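Worksheet for the structure shown next.
Think of it as A, B, C, D, E, F, G, H, I and J in the order they're written, each chain with its own count starting at 1.
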Amino acid sequence: MSDMTKEDVTAMILSAKKTAGMTWEGIAEKIGMSPVWTHSAAMGMNAFPPKQAALMVSTIGLPQEAESVLSESPTKIWEQAVPTDPCIYRFYEIVGVYGPTLKALIQEKFGDGIMSAIDFDMSVTRVENPKGDRVKVEMSGKYLGYNSW
Amino acid sequence: MSDMTKEDVTAMILSAKKTAGMTWEGIAEKIGMSPVWTHSAAMGMNAFPPKQAALMVSTIGLPQEAESVLSESPTKIWEQAVPTDPCIYRFYEIVGVYGPTLKALIQEKFGDGIMSAIDFDMSVTRVENPKGDRVKVEMSGKYLGYNSW
Amino acid sequence: MSDMTKEDVTAMILSAKKTAGMTWEGIAEKIGMSPVWTHSAAMGMNAFPPKQAALMVSTIGLPQEAESVLSESPTKIWEQAVPTDPCIYRFYEIVGVYGPTLKALIQEKFGDGIMSAIDFDMSVTRVENPKGDRVKVEMSGKYLGYNSW
Amino acid sequence: MSDMTKEDVTAMILSAKKTAGMTWEGIAEKIGMSPVWTHSAAMGMNAFPPKQAALMVSTIGLPQEAESVLSESPTKIWEQAVPTDPCIYRFYEIVGVYGPTLKALIQEKFGDGIMSAIDFDMSVTRVENPKGDRVKVEMSGKYLGYNSW
Amino acid sequence: MSDMTKEDVTAMILSAKKTAGMTWEGIAEKIGMSPVWTHSAAMGMNAFPPKQAALMVSTIGLPQEAESVLSESPTKIWEQAVPTDPCIYRFYEIVGVYGPTLKALIQEKFGDGIMSAIDFDMSVTRVENPKGDRVKVEMSGKYLGYNSW
Amino acid sequence: MSDMTKEDVTAMILSAKKTAGMTWEGIAEKIGMSPVWTHSAAMGMNAFPPKQAALMVSTIGLPQEAESVLSESPTKIWEQAVPTDPCIYRFYEIVGVYGPTLKALIQEKFGDGIMSAIDFDMSVTRVENPKGDRVKVEMSGKYLGYNSW
Amino acid sequence: MSDMTKEDVTAMILSAKKTAGMTWEGIAEKIGMSPVWTHSAAMGMNAFPPKQAALMVSTIGLPQEAESVLSESPTKIWEQAVPTDPCIYRFYEIVGVYGPTLKALIQEKFGDGIMSAIDFDMSVTRVENPKGDRVKVEMSGKYLGYNSW
Amino acid sequence: MSDMTKEDVTAMILSAKKTAGMTWEGIAEKIGMSPVWTHSAAMGMNAFPPKQAALMVSTIGLPQEAESVLSESPTKIWEQAVPTDPCIYRFYEIVGVYGPTLKALIQEKFGDGIMSAIDFDMSVTRVENPKGDRVKVEMSGKYLGYNSW
Amino acid sequence: MSDMTKEDVTAMILSAKKTAGMTWEGIAEKIGMSPVWTHSAAMGMNAFPPKQAALMVSTIGLPQEAESVLSESPTKIWEQAVPTDPCIYRFYEIVGVYGPTLKALIQEKFGDGIMSAIDFDMSVTRVENPKGDRVKVEMSGKYLGYNSW
Amino acid sequence: MSDMTKEDVTAMILSAKKTAGMTWEGIAEKIGMSPVWTHSAAMGMNAFPPKQAALMVSTIGLPQEAESVLSESPTKIWEQAVPTDPCIYRFYEIVGVYGPTLKALIQEKFGDGIMSAIDFDMSVTRVENPKGDRVKVEMSGKYLGYNSW
């Protein structure tokens, strides 16, 4: 039962990253992916394609066995239906307050459907601002229209 | 007890909008605000500044009493801790899957803090794409660093 | 505030269907759609395309105002996170027992991704069987692979 | 207290399957059962009949003690009333949106009753499609009519 | 929207029963069914077969329209996942305390399967006892063995 | 902290029972109690009277220390407010559907009160039936009338 | 559907009590019962025996129809699993903190069993105390020992 | 990290009490406190004053380090919002059924306020009764009136 | 059943306050109480002492019947265990993050006990600050030490 | 996987603090921060700035590796949506009872917005009082007005 798990590999990555003083942006650049996707896959919330898994192993210095673990499809689980960490909660709050608005505008611009959370990408950037710098989050997902049959 | 409530005014707006064949984008343009904010305030989730309240009354053709109601501070309530509508759920899912990633990257770029959901703005746009058009959601909020004292 | 709602139209449909002794299969045939989709749209869980909305109004004998209501995009809400009705609960139980299996086989056959519940169709048929007839439910949805970026 | 549990055997199967590069479809063929049932029983959600338990032990290379464990009746437990993994959630969503429709059509075709989730079978297949391949899920269960007494 | 609902008919039955001083046992006898089933169907939790619906209308003195309502398939909903009424809670407690025992003995006597709650009947009787009379509840349901396929 | 717990003794019983190929019915007969009570007490949900504890130790072959553990009063805990195992869920469903009926008939036959779940007994039997054998569950509890004071 | 309900009668009692400036203690004395039981029955949480129902109608000045309503067996429902009112919450807190203690001492003094909440009585009294008067709550219930069979 | 915790000390007390055949009443007498308070403090739900901590160590025969642990302020946590053990549930039920009554009588006798659960004491006694002995629970807490300012 | 309720009076106060352009601070001054308490009592979360009830009726211009309603003890109920409104949520978050800290410091300064939420007062003030004005909330409650007995 | 975690460091601090007989006030003074912030950061709910991390290591006598751990950004998690410890619950209760009041007064004094829980500070002091000393909690946070865009 001593097989390496995604949790094990995540712990190794966090430990090596701290020791080496790397950043997520730096790791992302080395494996040729975006920082959002790289962090999420390193946390075990996305699967590394073979090439990126290999790069990850060499970049971070992981044992060889980790490579196949990084490529496994994860089961995405979060424990808190309502997250308590203030940084994450604010995004939950935005969904609560603006969810119906996002739906209404997607319908107005596209028709009856949704933005995919699977065929999806996201970025986080820092925008300088004299009144205080701003966090900019951009997400885009393919529009999927409801089927009628 | 016959005072007009925010719910009453929201219903009037939806009814008038349907009759007049207006769009949220069109209404937003008339009152000089963005579509996201305009829809959200019309739903009673944000308060109209006086000038916009007056423009809303004239644009939509609401009774005069609605003007002060539109300017009242709302109590923001959502009933479903986990939203069921698929279009809104996908955003909840994104917070579940990518919440820890958003937190990690905000910390890497700014330090220990959060993106404000109060000093905040958001837009929804349609991006043409040969493989299927995409919904683009951009949000920005002021970075707030934790105080130590 | 006397606008007709999707709930109103659903009640009219149920009442007219009972009076006229129609079946869902019969209604579906008249509007040229499948029984599953027709029932679901009549319940206000899907939007009728314009042509089907018009056919529905004439088939069932609804007031003209209902036509546009049938075409509106619904907000899909269900109250019970765990359904209590035995007929619906059994499907919930199947998701609980076989959910990880469905996930494992989709990954084995397609890769890391999901079956869309939006680009989706479903049917229910009766299969004769000497040991007792069987309910056959067939669903199909487009495979969506996770994006990496 | 060192008795082997169903969880232990599931872990052994997953480990051996990975090492041997087997697929669920391949294992299923070897033991003469369907892939859905085989995976589910391997996960400890169904009990292996004696013959299949013996075949499983020889096919996968499990210790002899595992044979009787595979044949034990499982207690079926799932932790998340609402599953978070997107692939599993989509099936939950289908039950939420289409549950009342499944019930209505079962009643129309059979009378007042349910589809059994016990006398039940299911398959998952890949259907090629130029617009994107589709996941097809077929389930069938015995119709059980409510008793009146 | 003035169609008669199952709730309306339940209220009529309760009112008429009180006025006429009838008992559930008496009503059950008149329609030729058991008291448990009769009460449950009168509460809208089971559907009356046509003959019993007609007998119910004549026995209780209900309007003719009630007959078809009594025959409709009900949607079985209970609001409290854990019932608070002490009389009902005790049965919930029995399921909590003895649920695993019922499961173990059904498996010992029948194999891997369940007792059907659909092909099911139940009775309540008073058993005289010098230390205090006892409530006897007898339930029986068809054994359903899990399918393997 | 190495004291033997009820969980330890339950595990010993299950292990010894499996090795010896005993049944619950067989064990129950040896200690002179019913199978339902015996299983439930072996699971740690009821306390063994001294004589039965001694018989249990000799019948199963438990260490002497287990005797006093078997006699301790248990704290009855179940983790799942709504049980997921299909065999146990069906009993939960029966309480949901027929709870108000059980209450109404107890009141009709006894007055305002409850069936005790403490001064209580239960049996499970197999009833042969050409259409499929049936599980029969009989429970009886002392009627307790509400006090008024 | 205009039958008088227990809720109606509770409202009548509260209104008449306020108008007449009565106290619960006063009403209790008039009907010859304790204040705790009287209030609880007036709230619809206990059933009035015929004599007390008649006295209640004459004491409070209720319409004659109320008499039979007061005698009906109530269904005891509380909406909040954890009560929010501070006065009620403190009793919930006492159960949380001292529940295991109550259980341990009942077992030490009586054996394995419970205090009945059905064959039960309670009083509330004011105890003068120079450091601040105290609320004294006394409850007593019949000891019920677990049956073994 | 090997510091002794309140849980450790509770386990030592339970083990020593069993070995020595002591009762809670006996231990309470030895340390000069009531049985309710003694049990609750031994469970880690109350803090021992220095003198009682020392007496507890000598009475039970605990290691010296336990003395300071017994005096630490506990964090009072209970896992089950609704307790499942029947003995504890009955007290929860009493709060559910009689909570509003306790509130009404406290207000009638004292004014708008609560019974303190902090400046609080409780006892459990056995009251002989020819119809079956009764559990008597007496609790008293300081009345605290709401402040207005 | 037409008695005036606390909800009715709250609605009257809000309506009259809006018409008259009063502030909570202004109303509080007129009745000689603090703004926090005044608002809370006007919302029906605290009871007005007779003098303040009379002043409230004359200040706001309420019907005479409202005076006694204002003096009634309220039942304090809040629907959302976790509040969604961002302004109220932030206070909930503070309790989540700093709750254990408040407890630790109260113990360090006072001993084992709590801050009363009954013998309690609170104020909200605006503090000017060149980096942005600050909300200052001051609360004070009587220290209550746990009783040992 | 043997990296030191925030939980490890919290345990070391608590152990060293106990051994050395330090107080939170004393530790806070040594590192030049307030007691509230110091305790909260020591519990792992806030991040130490580098200088304070170094002071903490020398003041408490922690291993050098702890310094960087103290500076890491924490993920703020609390398990109990409704806290059970009476001392913490009272603050939750205050948010429940006075939350809408805090919101109303913040709006009256500042406009539509919130008090920040991020740019935030808090203190706890003991106020002597002849009727019993009082706990004074002062919190202040930057006012953040809702953006409209």
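Things to note:
Operating definition for what follows: a residue touches a chain if its C-beta (ideal position, glycine included) is under 8 Å from a C-beta of that chain, and two chains touch if they have at least 3 such contacts.
Just so we're clear, the structure is a prediction, and the values are computed from it rather than from any experiment.
Taking the definition of touch as given, a chain qualifies here only if it contacts subunit E and subunit I alike; those chains are G, H. Pairs I-J and D-F differ in how many C-beta pairs touch across them, and the larger number is found at I-J. Repeated interface, listed pairs G-H, E-H or D-F, reference B-I: D-F, with more than half of the contact pairs matching by residue number. If you average the CA atoms of subunit B and of subunit G, the two centres end up 48 Å from each other. Counting partner chains per residue, subunit B has residues 36, 75-76, 78, 81-82, 84-86, 93, 96-97, 100, 103, 107, 113-114, 116-120 touching two or more of them. Inter-chain contacts occur between A-B, A-C, A-D, A-I, A-J, B-C, B-D, B-I, B-J, C-D, C-E, C-F, D-E, D-F, E-F, E-G, E-H, F-G, F-H, G-H, G-I, G-J, H-I, H-J, I-J. By the touch criterion given at the top, residues 23-25, 35-36, 39-40, 43, 45, 76, 78, 81-83, 85-88, 90-110, 113-117, 119-120, 122, 124-127, 129, 131-143 of subunit G touch subunit H in their complex.
On subunit H, the positions that touch subunit J within their shared complex are 1, 3, 68, 75-78, 81, 117-118. Per the touch definition, subunit D reaches subunit E in the complex via residues 33-34, 36-37, 41, 46-49, 52, 73, 75, 100, 103, 107, 111-114, 116, 118-121, 144-149. Interface residues of subunit A, counted against subunit I in their complex, comprise 82, 84, 86, 89, 93, 96-97.
Chain contact summary for the complex, subunit A toward subunit J: residues 8, 11-12, 14-15, 18, 80, 82, 84-86.
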